[in-house]
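Across the two complexes that follow, subunit A remains constant while its partner is subunit B and subsequently subunit C.
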Partner chain A sequence: MSASRRMLHPGAWWIWAIALAATALRTTDALLLGLIAVVVAYVVSARRTDAPWARSFGSFLRLGVIVIVIRVVFQMLFGVRIEGTTLFTIPSVTLPSWAAGVSLGGPVTAEALVDAARQGLRLAVVLLCFGAASSLCSPYRMLRALPSALYEAGVAITVALTFAPQAIIASRQVRDARRLRGRADRGVRAWAGSAMPVLEGALDRSVALAASMDARGYGRRGAIPVARRRGISALMLLGLCLVAVGAYGLLDATAPAVLRLPPFIAGAVALTASLMLSGRGVERTRYRPDPWRSPEWIVSLSGVAALVAIVIAGRTGAVLEPPASPLAVPQLVPVAAAGILVALLPAWLAPRPPAPLEPTLDPRFEVAA
Partner chain B sequence: MIRFDHVSFTYPDAPAPTLVDVDFTVPEGELCLVVGETGSGKSTLLRAVNGLVPRFSGGLLTGTVTVGGRSTALVPPRELADVVGLVGQDPAAGFVTDMVEDELAHVMENLGVAPDIMRRRVEDVLDLLGLHELRNRPLSTLSGGQQQRVAIGAVLTAGPRVLVLDEPTSALDPAAAEEVLAALTRLVHDLGITVLVAEHRLERVVQYADSIVYVPGDGAPVVIGDPGRILAGSVVVPPIVELGRVAGWSPLPLSVRDARRAAADLRERLAPLTPPVPSAPAHGEIVARVTGLHAGYGPVAALSDVELEVRAGEVVALMGRNGAGKSTLLSHLVGLRAPQRGEVRVRGEEPHRLPARSVIRSVGLVPQDNGVLLYHDTVAAECVAADRDGDLAAGTTRAVLDRLVPGIDHRAHPRDLSEGQRLALALAIVLGAEPALVLLDEPTRGLDYGAKQRLIAMLEGLAAEGRAVVMATHDVEVVAAVAHRAVVLAEGEVVADGPARDVVVHSPVFAPQIAKVLAPETWMTVGEVSDALATLGESR
Partner chain C sequence: MSGVLAWFLLGFLALVSMALASMGALVVGASAASAASGPCAAPVIGQARVVVVVDDGEGGADHAVATCVVVPRGSKGSLVLAARAARLGTAAPSHAGSGLLCTIDSFPASQCADTGSGSYWANFSGTDGVWNYSSYNPFIRRVCDGDVEGWRYVVQGTGAAGDPQPRLDPASVRPADAWGCDEPSAAPASGGGAGAPGSIDAAAASGSSADASPTADGSPSGSIDPAIGVAGGQGRTGSSGASANDGVDGVDGVDATVLATHAAGGSSGGTALLGAGIVVAIIVVLGAAALVRSRRRA
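Coming up: the complex of A and B.
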């Protein structure tokens, strides 16, 4: 298989991951969400590289657990009361009249906890999907694949895309440094004590990378008149806002129809137009562009299949968001589950990443040692 | 080609300007060396050439910097990418892609070079820098010297007329440094590229330089001139120049070849004397013992079957190529990694099993980038924190620091200290807990000669106190001056272990300059030679 080993186009992984994230957003069914998490984790373990950013999935997993815990705790303290089996009661605080609608404490029911856990799980799975995308493809390849119009915001984008992997590198460094100073390298205090140095370190690294990219001509405009450049930026900003509104409408099943497709389509048109306009003025070429061949189609479409399946399931009346009460054993929605399983295909059909030739001894990522 | 016209620069919130009224011109086709202590503003000066200072750093720059006829005040760095190629101190931090070829092509993509020309230029640069065997390799698998060459190649493909390099060889082993310098001289001589390069290890580059820009720091005026003239009046000189002074040669030699030709007479005078016997390794107790250690990242072993004993009162130099496993061995000794196979014991205990608080009492490591140890905002706060971390009496760390380098301002931010002072602070933090074994990873990186002398004195002091010191280093001059024993690692295996003099002198790669000049005699440092000359003078 070594001949067919190559890095997949980063866009394919991102489409796959975003489609799965969108699938997760359409349901609170624990079985479906669990299935998505398993699919994502399996594909990541089958197709990730040895590169340091590939280890970010574990961090996203931990972050997911934290999200669920926080969601449940918040539900206990401030959540909307749901009638049902009371498990225990937290002393409630009477709030002044202007804070009506907010409740503090009170009886905690099993229904409320399960509902909160489901909501938390949904968010955690969405996070996992993004974790999967960022561990499956290198942030550097993603940077190169960006449309040239986004270069306007070159530094900001570089920092945004490389911050997470850099933070993981920095956190290893800080953990080692704490041990060298004789401080605890595990536990809550270690976490709290290292947050600032990690963030600082990661930001420094990202900015250094941005400086290096700038010095090598990234974001070069050539001769485009200022007025036109500003026009293009405005058009793009407008497009982004519209797409954001439309995406929100499309994902939230309760949004009015007016806020769904129309803004999404208008935004997409504006974005495409701005990209084409700005691309025209920029002299930029590609050295051996990443190919988009059948594996890319398979990966991206397998993700989209999951999304399509869940939409069909929703249309045909399957219960994707089980009611908070009464409590019930979750029922598997076969159509949606089948769609999600299609997204598992990349674990076999995507090409393997190139094998490292030598020990991956990368000073960029080498820790204090 | 590069013109600094009365340039002054102040970082935001800095009390004093970093550069004051810098005024010089580098003509086309010259290799110009920038020297000065770390923190004196060398890097700032270099980054001002393409406008990263002040555009990325913030701060106020007055005067004008012109490069290839374009002023950096008018265009951002990205528009200068076709004129100036800048390679930073840590090449890996600036890599934008994963693969060697993509990295080389990146700047051309930004410049909009046509695909067929891109293919050709990539081939040219691969050949020019001897990178063709690496073309399909992931960047993360390259050694330090290879990475540095790729970083140079990655700016060369744009066809710049000016190349700016910030300490291109400071992290490299002697052989890799030669590789990079050979590539550089080739660019200057064959292509006529103007090169501005900062470097501490003068002994490596001074022979290639056409001129020297000396940045004294602290706002003193910058001096530019030809290498012989600047070095004659400088206190900061490579060992070979110092030897020339001791032996009374004129003109002073700048390369081993010059010195060797002048040294026939000196060799004759020294022939009847034998160099001082290698300072016998102390017969102290064994502090650390490594037996059959294996370690690996990925498929290939980083260390295999390493055996090592370190005794109290001994300074051991750990040498070898980049990636030979030196740092990995140190991190095992301090317990950051657990052995895959084999055993590491420091004072009878396995360091990776001990809690952090007890480890620091038996072994301490000053990592290569010692800044990662420092996270408070004043020197005083660092010292107080170190006392607290190690349950030490208040003031212990500060006392150690004052012994190492007296007179560091309590209120200074660790980042604003000079490289030498920061190393001393990191060392003081480690030494506060009185570890029996002190490990240093590339301690001389970024140090000028004065700071190196102080480091040598510190290490001698530690050994005299009965501590064991293991230092991973590429700096053969420091090894010659202070190490009792040298251990050479290659591909994770110990290939040589013996008295420093025996290991170092006869190696064409590791031999210090003095040894090269005076071979086959085994003198290693100027100090030894001048002592010997003094005894000769007395006996006459």
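Coming up: the complex of A and C.
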């Protein structure tokens, strides 16, 4: 059993989590969102390590609850006045006619509250998916696995990828420090007092990590001639512009067909080419690279299965975004629900993470040895 | 962490049960409105007649159907579509959380899923005799007597004034004796015409304003019972002869029970509930398992 214990390739967990987040973004159905949330929570509880960042899932859960509460409160104050069963009325302000459509206060209906909670839940579940990814795999290993072309943007990527786990570590240290000084470590005042040091500390740590990696040659430019490097930059800029035009065309139904898919595809090709060309000049060796074996395939594909299932369900006419009014009992979309349950498989099929490195402290292990 | 997970689960359960509980209380809203027969009946003080033209954009021009709806004066526009659904006995219109209108009479079946491609219910105002594309929220607007409201389902439209209009002439369905927004005061004019006692000369009453409402015929048509008109603000449609009963017109035979059956029909009974129940059970079991695992670890 211990032989099969190993860290999964971080890319597999990230693909799994991003696919589940994309699945959550396609629906406001409370049943499907709740299913995604518990699937993610169960997999994390089954396969997380004891590393400091592995505790970040609980923080993301709290963040999700806060998101839902904020969404519901904002709906009460500024939201669209959805007609229906009025629960209570808050004082409203009559706005002039040019501000028609904006409401401030007014009757709060059950329909509006349920819909706001559903939309908050969707965002909360997306956050949970990213919390799961960052608590299931080491951010440092993820950095190592990035394509070499992205090394150009080394510092930015290091900060972006390690900020959340560093914030978790920093918040624990700040809390410990407050405790040692005899201050409260719970409640609103403790929060207000520790928010700034935590943010500052996390950013400092990320930047320090990026700097030390930079000093060791991470993000180093290869030996590319200046002219060629400029050409690659131009190609990347062109690709970005084309992708932007194409994305705008795809979103705007009135755009002519020429401005829709063709620039998008051309831009994507240009971007890929520029990334590949710039990556070619970077020489790099990996120390003990993470392998990509069948468990990695199973984990990543199980996440993608959920996404594919919900896309198929949407195409075949299932209602994934139930109307806010009239209220109805949530309808089960069987195809999408089955797909999401497939994403539960990593809880058993992914390899267990290595045991913590403190066996000598545990008397049972001493006996066994 | 485990405590938060428990709260998360609890909140989710509350959400589901809230949706279940408010199912029963759905059938409000529209019951306050009464309705008149096809071509609008005579105007009544305290009420506004609104002609709703709904065109689903399919088939021929006969898909554009005009319905006259009578709602209390000063009602919000949102009441109009609900009252129309109640009058015709169709499913109540459904809205997305943004307030966007998804379906009228359960059309389209895809609900709000196609709005991303520019398909939507376009709203028009036909009060001036031509269809004007509306860029105001029709649901918070206060209705006036004789308003003509048009809805046309546009497939992949532009979301601007050029989108297709309802295939029906708004001038032909607007009541000729419309009072517009300046309806006469509740006190009946003493020096009325040769009509019945208590009748109001609609043309004389609204003649002071430069309203474009075509009241040139000048015939006293709004015969009302001043007692009802003043006391209840409820009134009744003068020509139908049916008694005003709880605000729902007896002629139509459409009342809250019809709405209730439509609301229930939407959730198609037992199998859907069973599926939802299974998923809720899975969610609870998995969540509890995750809770136990994380607690055992900590």
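Observations on the structure shown:
Just so we're on the same page, the second predicted complex is superposed on the first by the 310 of 369 C-alpha atoms of A that agree within 3 Å, B and C clash if a C-alpha of one lies under 4 Å from a C-alpha of the other, contacts with A are read in each partner's own complex, and residues count from 1 in each chain.
In the analysis below, contacts are C-beta pairs under 8 Å (C-beta built on N, C-alpha and C of every residue); 3 or more make two chains touch, one makes a residue touch a chain.
Only a predicted model underlies this, so the values are computations on that prediction, with no experimental measurement involved.
Residue contacts after overlaying the shared chain place A:Asp214 against subunit B, while subunit C stays out of touching range.
Within the superposed three-chain model, A:Arg205 lies in touch with subunit B and out of touch with subunit C [touch as defined at top].
Once the two complexes are laid over each other on the shared chain, residue contacts for A:Thr285 go to subunit B alone; subunit C is not touched. In the superposed pair of complexes, A:Arg144 makes contact with subunit B only, with no contact to subunit C. Those residues of subunit A that touch subunit B in the shared complex are 7, 50-51, 138, 140-141, 143-144, 154, 173-174, 176-185, 196-197, 201, 205, 207-222, 282-288, 354, 356-369. The part of subunit C that touches subunit A in the complex is made up of residues 1, 4-5, 7-9, 11-12, 15-16, 18-20, 22-23, 25-26, 28-29, 76, 78-79, 82, 92, 94-99, 102-103, 109-113, 117-118, 136-137, 139-141, 156-159, 263, 266-267, 272-273, 275-276, 278-280, 282-283, 286-287, 289-291, 293-294, 297. Looking at the complex, you find that subunit B touches subunit A at residues 50, 52, 55-56, 76-82, 84, 86, 88, 90, 92-98, 101-102, 105-115, 118-119, 122, 137-141, 144, 147, 154-155, 158, 171, 296-302, 322-323, 327-328, 330-331, 334-337, 356-357, 359-360, 364-365, 367-369, 372-373, 375, 385-386, 389-390, 429-430, 433, 441.
Residues 28, 30-31, 34-35, 37-39, 41-42, 44-46, 55, 57-58, 61-62, 64-65, 68, 80-85, 100-101, 103, 110-119, 121, 253-254, 314, 317, 319-332, 334, 337, 341, 344 of subunit A are the ones that touch subunit C when the two sit in their complex.
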